[in-house]
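Structure record follows, encoded as structure tokens.
Think of it as A, B and C in the order they're written, each chain with its own count starting at 1.
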Amino acid sequence: MNTNVPTQDLAGLLTRIRERKPLVHHITNMVVMNDTANITLAIGALPVMAHAPEEVEEMVGLAGALVLNIGTLTVEQIESMLLAGKRANERGIPIVLDPVGAGATRFRTQNALRLLSELRIAVLRGNAAEIGALVGVEGETRGVESISAGAAPAVIARTASNNFGCTVAITGVHDVIVDGERTAEVANGHPLLGSITGSGCMATSLVGAFLAVESDPWQATIAALVAMGIAGEVAAPMAGGPGTFRSHLLDAVAALSYEQLCEQQRVSFV
Amino acid sequence: MNTNVPTQDLAGLLTRIRERKPLVHHITNMVVMNDTANITLAIGALPVMAHAPEEVEEMVGLAGALVLNIGTLTVEQIESMLLAGKRANERGIPIVLDPVGAGATRFRTQNALRLLSELRIAVLRGNAAEIGALVGVEGETRGVESISAGAAPAVIARTASNNFGCTVAITGVHDVIVDGERTAEVANGHPLLGSITGSGCMATSLVGAFLAVESDPWQATIAALVAMGIAGEVAAPMAGGPGTFRSHLLDAVAALSYEQLCEQQRVSFV
Amino acid sequence: MNTNVPTQDLAGLLTRIRERKPLVHHITNMVVMNDTANITLAIGALPVMAHAPEEVEEMVGLAGALVLNIGTLTVEQIESMLLAGKRANERGIPIVLDPVGAGATRFRTQNALRLLSELRIAVLRGNAAEIGALVGVEGETRGVESISAGAAPAVIARTASNNFGCTVAITGVHDVIVDGERTAEVANGHPLLGSITGSGCMATSLVGAFLAVESDPWQATIAALVAMGIAGEVAAPMAGGPGTFRSHLLDAVAALSYEQLCEQQRVSFV
């Protein structure tokens, strides 16, 4: 199966986001809520954070994509996620799930699995230990940080994609994006991305923005991770450390251009 | 009715905030909580974020103003807002309400209207679509972002001021501040303010700080929006995009001076 | 009692954090959650914010220290703090408590005292008014900001250390760290630290990181406050105000070195 995606097609998705300005509904963690809202705005989409069960169904109906992130999960939040997710599924609105800290506690692992089982998830994005925990591959997580995974990310991602029937992205030094038989790797990125809290959550928000304008979740995810990685590469030389990096990262996302995505992308199709 | 306010009077309110350091109690959204606390500190006031029903009445009793912001509203939070708001009304502590996302969901519209009906609100600040939704003028909201309003902001603001019997500020490219027969426009500001999440919420927090030192809500609001706008103008040339703009904006608010407000204000009285 | 701690011993704790990368479990306020997570990462530890009662016991079991911060306290959060705290006590995992706003409302004062009574707290860190409120010394708090304390910080800290049987740190222009008969003062710091919201909370998070690698809470706290103070001194000349200071502060924490802590520390033992 030829699974190459022309670079122009990926870059064109950025243009589409900026033309359509899709609403991206987040039910997400409180730690990085400001950054995930700001990066969604910076890429050209419109973020809305809303988690009250009284309004999530109505809100998601207005949205182009739904981002579910379990970073500061509570029982109440799961109910809101299920309400919003079911409505999204009825309406064909794609969902990206970020299983933050899966593997660290049973509560996180079980609820991530519950969301994967009760909802039709388009994209599952996490680090190797989180995704590994969801498919029963032992890795080393410390809280919400992945220390090491027990198996190669590509193997874990393929297993997860088969188990859950969705696109799976494992981000790390290189990102692996798998959908069934299709596998892509994104080599863009910079170590400083690992120095700030929530860079994974921010990548997930970008996946949400790209999902809102591209019906193939695998292509949307590749484009989102290329955008995030290039922005990291642009921001890093301007930064004196994690604090200033975070500011320059948002600047870089806002300044991303079609040409830059074409020229600086480092995607390989396996 | 001559409704001109001398520039020195508006600028003098900044001096008063810095002398008195009023406490500004926020019951507000979680997305921009850090920014709203920091901008309140930067203008010279003291922020406190407290939402537990067990303490909001006692806390607001210590405050010079109360900021209510429905950006991440829950049923529990409404109850806390009503408790704090009623105590504030009893004590003559002014309240500013930010109806974030009114019009996007019935939950937000109805609860904003409930707060306006059960509490005596001094200032209502929002974008044209939000305020329009509260007075039944159709606009286009996408989540919490105003895309376009169905009528001119000044008309919407006047209707809202009459309906709710309070000062109404609609912020946008130009800000309109209406209180009954009095109308002012503030032309200060910069497009980058629209590139970060929560610049509206931050403006509302500044309104809270100015309300705490000025008994005429209309004058307090004009001064707050002038301060916000000038800070945006100062920060913009130093910024490389939304991320660095956000940092420079706080710097600019902290550095605002009486002279700067006098010289750079662009207020017109209609 | 000779209570001098060699400078190298304090500085060596930084090296130990970076080698061991301990997990620091936070049940903390929502205003500064992003900054406390980022400063924990910047010092070399791994933050996790988790407050659901269903998972806090399991999560704290993975941690090297537990940070409890009552800045946006709710009744539900107290229950989670007690669950996590009891488990931490059983496992010998040290706890640092930040009684944000104690003295402002009875709810905060009483719950801070409840945590001190039902849990074995290793370190209590606050400003003079907060700690004063917990020992019945009248000070002036305005919301969560300390305006003035009724007694000298060293006296308040000594009383609190005796009352609660733990290390007590009162931060301000000079920081005082008392444990029973041992007293240290840290003169590092910069006024800009007081210009941003949550610098106290961030200092508490650093105490958590140092507690995770040093069994003497008094030494751990001295080292943490030296680190925070030096980072403030490094960041201040690069900042144009509170907004850019906050970014440079994180950069400075991440760049702290053993040599810098040795050379720039200004600790005195009383």
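Criterion: a residue touches a chain if its C-beta (ideal position, glycine included) is under 8 Å from a C-beta of that chain, and two chains touch if they have at least 3 such contacts.
The UniProt protein names, listed by chain, are A, B, C = Hydroxyethylthiazole kinase.
Quick caveat: nothing in here was measured; it's all calculated off a predicted structure.
Interface residue usage between subunit A (Hydroxyethylthiazole kinase) and subunit B (Hydroxyethylthiazole kinase), two copies of one sequence, is largely distinct: under half of the residue numbers at the contact are used by both copies. A rotation of 120 degrees, rounded to the nearest 5, superposes the Cα atoms of subunit B (Hydroxyethylthiazole kinase) on subunit C (Hydroxyethylthiazole kinase).
In whole angstrom, the spacing between the mean C-alpha positions of subunit A (Hydroxyethylthiazole kinase) and subunit B (Hydroxyethylthiazole kinase) is 33. In subunit B (Hydroxyethylthiazole kinase), the residues that reach two or more other chains under the touch definition are 30, 34, 246-247. Contacts from subunit A (Hydroxyethylthiazole kinase) toward subunit B (Hydroxyethylthiazole kinase) in the complex involve residues 21, 23, 25, 30, 33-34, 37-38, 41-42, 46-52, 54-55, 58-59, 62-63, 238, 246-252, 254-255. Those residues of subunit B (Hydroxyethylthiazole kinase) that touch subunit A (Hydroxyethylthiazole kinase) in the shared complex are 29-32, 34-35, 71-75, 101, 104-108, 142-145, 195-198, 239-244, 246-247.
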